[in-house]
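By written order: A, B, C and D. Residues from 1 in each chain.
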Amino acid sequence: MNNTIHIVPVILSRANFGRSKSLLHELKSDKRFKLSIISGASAVVDRFGEANKFIESSGFSVSHKIQCLIDSSTNEAQALTMSIATMQLTGILAKLNPDAVIVVADRYETLAISIAASFQNIPLIHIQGGEISGNIDDKVRNANTALSDFHFTATKKSKDRVIRMGANPKKVFNVGCPSLDLLNKRNLVKRNLAEINHLGVGANIDFRQPYILVSQHSVTTEVEQSKEYMNQIIHACNQFPLQKVLIWPNSDAGTGGISKSIRLFRDSGINISSWRFITAVPPDLYANLLKHSACLVGNSSSFIRESAFLGTPSVIIGNRQQNREIGKNVTLSRNSKKEIISAIKKQLHHGPYKVDMLYGNGKSGKEMKKIILKNFSS
Amino acid sequence: MNNTIHIVPVILSRANFGRSKSLLHELKSDKRFKLSIISGASAVVDRFGEANKFIESSGFSVSHKIQCLIDSSTNEAQALTMSIATMQLTGILAKLNPDAVIVVADRYETLAISIAASFQNIPLIHIQGGEISGNIDDKVRNANTALSDFHFTATKKSKDRVIRMGANPKKVFNVGCPSLDLLNKRNLVKRNLAEINHLGVGANIDFRQPYILVSQHSVTTEVEQSKEYMNQIIHACNQFPLQKVLIWPNSDAGTGGISKSIRLFRDSGINISSWRFITAVPPDLYANLLKHSACLVGNSSSFIRESAFLGTPSVIIGNRQQNREIGKNVTLSRNSKKEIISAIKKQLHHGPYKVDMLYGNGKSGKEMKKIILKNFSS
Amino acid sequence: MNNTIHIVPVILSRANFGRSKSLLHELKSDKRFKLSIISGASAVVDRFGEANKFIESSGFSVSHKIQCLIDSSTNEAQALTMSIATMQLTGILAKLNPDAVIVVADRYETLAISIAASFQNIPLIHIQGGEISGNIDDKVRNANTALSDFHFTATKKSKDRVIRMGANPKKVFNVGCPSLDLLNKRNLVKRNLAEINHLGVGANIDFRQPYILVSQHSVTTEVEQSKEYMNQIIHACNQFPLQKVLIWPNSDAGTGGISKSIRLFRDSGINISSWRFITAVPPDLYANLLKHSACLVGNSSSFIRESAFLGTPSVIIGNRQQNREIGKNVTLSRNSKKEIISAIKKQLHHGPYKVDMLYGNGKSGKEMKKIILKNFSS
Amino acid sequence: MNNTIHIVPVILSRANFGRSKSLLHELKSDKRFKLSIISGASAVVDRFGEANKFIESSGFSVSHKIQCLIDSSTNEAQALTMSIATMQLTGILAKLNPDAVIVVADRYETLAISIAASFQNIPLIHIQGGEISGNIDDKVRNANTALSDFHFTATKKSKDRVIRMGANPKKVFNVGCPSLDLLNKRNLVKRNLAEINHLGVGANIDFRQPYILVSQHSVTTEVEQSKEYMNQIIHACNQFPLQKVLIWPNSDAGTGGISKSIRLFRDSGINISSWRFITAVPPDLYANLLKHSACLVGNSSSFIRESAFLGTPSVIIGNRQQNREIGKNVTLSRNSKKEIISAIKKQLHHGPYKVDMLYGNGKSGKEMKKIILKNFSS
């Protein structure tokens, strides 16, 4: 045990897990590493899909679970959640004293991870720095970069940006987006999609027929409008006689508005027979769902990254992702029913696109492991 | 009152106040602004000099005082202090809902200010971004930059760095270091230094005679060595038959070691008759003390910034400031008694240097006010 | 303003408001008092009915809202919520520095109020100490008593218990339960109940016909069983061809289980046509709902206190209230569908009971005001 | 390991350790128990004597150390410290999930232990409930009693009080004060006192000659006066040509005032040659110091409890202990130099008293272990 490299990944939302799963798998199956996974925030809360279950059912054991999510759809709650997470993670990391901590991407809670590690001089590895999206996410992502020691970026441009921000170029590595690793698998076949009908409530989806996948998160700088934005999307999608699978939003400021829009639509009983509503999907099943969708609609970043690699037609709505690098498969739309309808029409007419390696080649996990091994072996 | 611009400066250490005092003075004396000052952390704790007293005795009223300093000289405590400050500031800012918040420089607690403001979409003004020093300070400073909306830098190079980090160039302004504004005053005359003998304990200093000013802070990435470093400095200074004025360190991880070194030296009773020990000095008196010192010894950033403008000979020790832009008046030394002695000798032999405007011209406060006014007037 | 008595009531759940509303009304309409109301926890969260709205729509202004509810249905979350509330209330009370703070009853979050006040030597007034119910509530209630300076009890026995616990007998007053003050009003007439149909979702209730009112909260020492207990209640009620009004549970450990039971029942679509589901009801409307119910079913303490005064037949289930003083109108039942059915049958057969003044005469508010005035006038 | 009883004692101040050491020793040396000790607050802070060192040097291992002490001598800080301790202990106890938690006595931080355990339904054992002292301590002690499941009291009267407060009489045990167990040892001989001269600073004490032992803590309801009270004591003691050993105060609101009084006295250099100043003493050495003192002066509760058993003359000053049960060896005095002088005179003239078993017989540890074993064996 003496010379194992002790790594602590911290997973505070369902997205964090998909973005690090392939790396965690590599580390877990290599005896030179010791893995202590911490999960917390919405990832341990039932009504946000409890991603923690997926971590454990994927064969990982979770060493610490932290409760820190403030129950409120306000911006204030995000800052409070972050502060509580910082307090709890600080104590746990002080005791574990690992060789490195892993933080993923740009959600507001992730800054707690970066502070708890960097303030205690524990080397910090950041996955997916250097991107530009829009929203508060840019600020958090760049703050994570500022506090990190090692950087795994998903694109060449991102790598350049991280270096321009002052990072040591020898510690910045463009490895692609690890969520793409899950798309390389042979089991992304339609018949496995049947499991979806065991999740959530609503219509039983016939996966031999086309379906729209909808996933819309709150723009935390436009909290007030979140409900109206979601209304536009629902009514736009209802113009198409296709089946719809909707994923409930993450726990952000403004999520309350999105949820209210969905709940009111569901309770209205009007035009709901073609919809299925799901709180969360395990990463591999989600990859499969992305692959076979006729069209993706919303502002999930997976509708840009994974979809580029898969060639799935995608309609990205509003400001949340406005500045990201996008592939040809993406059409941008404003928050307007009319524009959304026209974008979906265009995409359904076009059908699948060619594979685009903009966000990597699906082998990030292996490469990151190699780099970590090289840098942390004594 | 309708159209006043409501600004909230947050002062969490004595250094924060000196670095913003001239701006606060400008804002206070202009009716177009409303000022709500929050002070907290070591700035409200007696044994760290309670800078809050200086704020109030300078004619400002403090609207909120927050207790958040964890009493422990560990790195863990810094992360905890930061998290508690975030929680308290979040609630206060949610209620005040100001037009802008001001955060200064790079101490670990300042990140709480940036998070409480930026997570709640309150415009954040950062003073002194883009510098490079060494230490965890670089990480915190860059994270503050990442979370801020407006940037007032102290040097041209800093401005360039902030822009390279991704800031909107139209919102980055090189205004010089505001602590230099305090050096422009006519009252920096020797006879006013007598007040020093009313502060702290130890020798009565005769300010007609030369004195060494010592101020050493902890390098939070080298906490274990902090006591030994201080020992080297004390014994080096004792080689010189000059009077010494020592300022106790800030509240950082590792401060305990520095304090212990000083206390043991004091309790030993050997060679202490030429020393005076002071916990904190009001900003203007401190400026005066800097000006007339025969030599500055330690790693306070004022020994680089203010001293350049004043031309005071300065010996900077160790890694805390190793990468800062320095003027000709600064000699770098490692943490070794021998090297420190030789550096002090060189500086005493040289005497005062020419004024160097590297860190500004002493008119930052007025310029910042103008810029804020322009950007926040509706 | 000099001689006003500054009182700070802290409302952290919808129940807290009903139990203090009549007193707050008395204080508000008397110029010798200054009132600063703090609301927080589930009282400011939409999905728990946001009692804060009722406070404001009742003509009170809320001076501080605190976000502190941890989103998780675990016992751990209750302790965390309490600690966050303590931290926030401490800062606010330090700044307000009132003449007295009011804490109501026994919910877990209320201990935060008692600590924030008593640790800062601010006189603390406790409403409804000395009772015995069962559950963790007994512990919290007694801890509140231990930390308080003035005690307003609801029964003679409670007064005796508070004194036996060591309270100064001159500061213990049996004034009855203030929630009964709301029952004295002339407007508790059936036709006003129509407003209920504007709240929540489900069946439109015809208030000329009989209805069962269901309100079941989690027993925090039996969190695992909470879902099953609720199932038993739902299926028992469904044996009766009456209309049902269900109030969603408070935010406690175990609430998740109760909510899940209700949601699964609703999503099943079976036998749901006679039910209406409501998150929260303003205090006066709730009093009206209690008054005209054919039978009350669950473990809400209002089914014991208010119901005694109103004479409404009541079936109290399980351990949460097992040790409370009860009137003749109450039948106890275990958590078993069979027992519940038989108890409801008995109560429907009996019909309304005589008024019982066990929990007071509906004039507590006025009396408490007098006592406060006497003790705090200088 | 299956059937071991997992006990978690939480030590948040040096006093907590002395009051539980003999029990911890019993549990540690019995294989039927598993011990996980948590230490924190002032017990892990150097400048308050870091009692944690004594725990470890006594052969115990500490499983978790928590930093939670807010650095400020205000009442506000006590409430904040308590809230931070609650947050950290909650997470740790959720993970450890022990069979029982032990909380000692009445200091403000101990309430955090009681809440973290009781809110999570972990059985809580309280040592030293039911006493009456004065001060906020009474409130905290009674709140601890309210939240506890098992009660070990130090006197018969205390047992009766705990039962009157509502505790289950079968779970209340009068076992005496465990700190007396340390007094039974054969090694309480004068020559071992020499170790004292290795602790702290000041005069070298000659333990063949008489000495006064001084220990004064803050009365948290009289924070403002704490400095003046200490002045009175120092100047009273200086009227006697005996040696003095002074123990620095605990970390309470008001401690700053006491410390300032001591520091100013020390820095004055006048009459200090007979004084030794010590931050903290290991429990057994402290017992020895109590035993051989000519007179005890201050308000430490050990000057009442241990001193009764030892027969050491004791002068108890002010309100902090005004209502405690006292033995014949105690003389009460107000906070006045004159009264204190006269009380010391009387006690020096009287000399040692007879043993009084008021607070137990020195065998509490063994008895508590037996009771725990009986109640927790499955």
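What we mean here is this: a residue touches a chain if its C-beta (ideal position, glycine included) is under 8 Å from a C-beta of that chain, and two chains touch if they have at least 3 such contacts.
The structure presented is a predicted model; accordingly, all values stated were derived computationally and were not measured.
A.B. asks: Applying the document's contact definition, name the chain pair with more C-beta pairs in contact, C-D or B-C.
C.D. replies: Looking at C-D and B-C side by side, C-D shows more C-beta contacts.
A.B. asks: Measuring centre to centre, with centres taken as mean CA positions, what chain is farthest from subunit B?
C.D. replies: The chain farthest from subunit B, judged by C-alpha centres, is C.
A.B. asks: Need the CA-centroid distance for the pair subunit C / subunit D, whole Å please.
C.D. replies: Those two chain centres are 40 Å apart.
A.B. asks: Would you mind pulling out the distance in Å between where the CA atoms of subunit B average out and where those of subunit C do?
C.D. replies: 52
A.B. asks: So which stretches of subunit B touch two or more other chains?
C.D. replies: 67, 74, 76, 80, 84, 87, 91
A.B. asks: Please name which positions on subunit C make contact with subunit B in the complex.
C.D. replies: For subunit C paired with subunit B, touching residues are 64, 66-67, 84, 87-88, 91-92, 95.
A.B. asks: Which residues of subunit A touch subunit B once you look at their complex with the stated criterion?
C.D. replies: 75-76, 78-80, 82-84, 86-87, 90-91, 94, 108, 111-112, 114-116, 118-121, 132, 136, 138-140, 142-143, 145-147, 161, 164-166, 220-221
A.B. asks: Inside the complex, what are the residues of subunit B that reach subunit D?
C.D. replies: 42, 44-47, 67-74, 76-77, 80, 84, 201, 251, 256, 267
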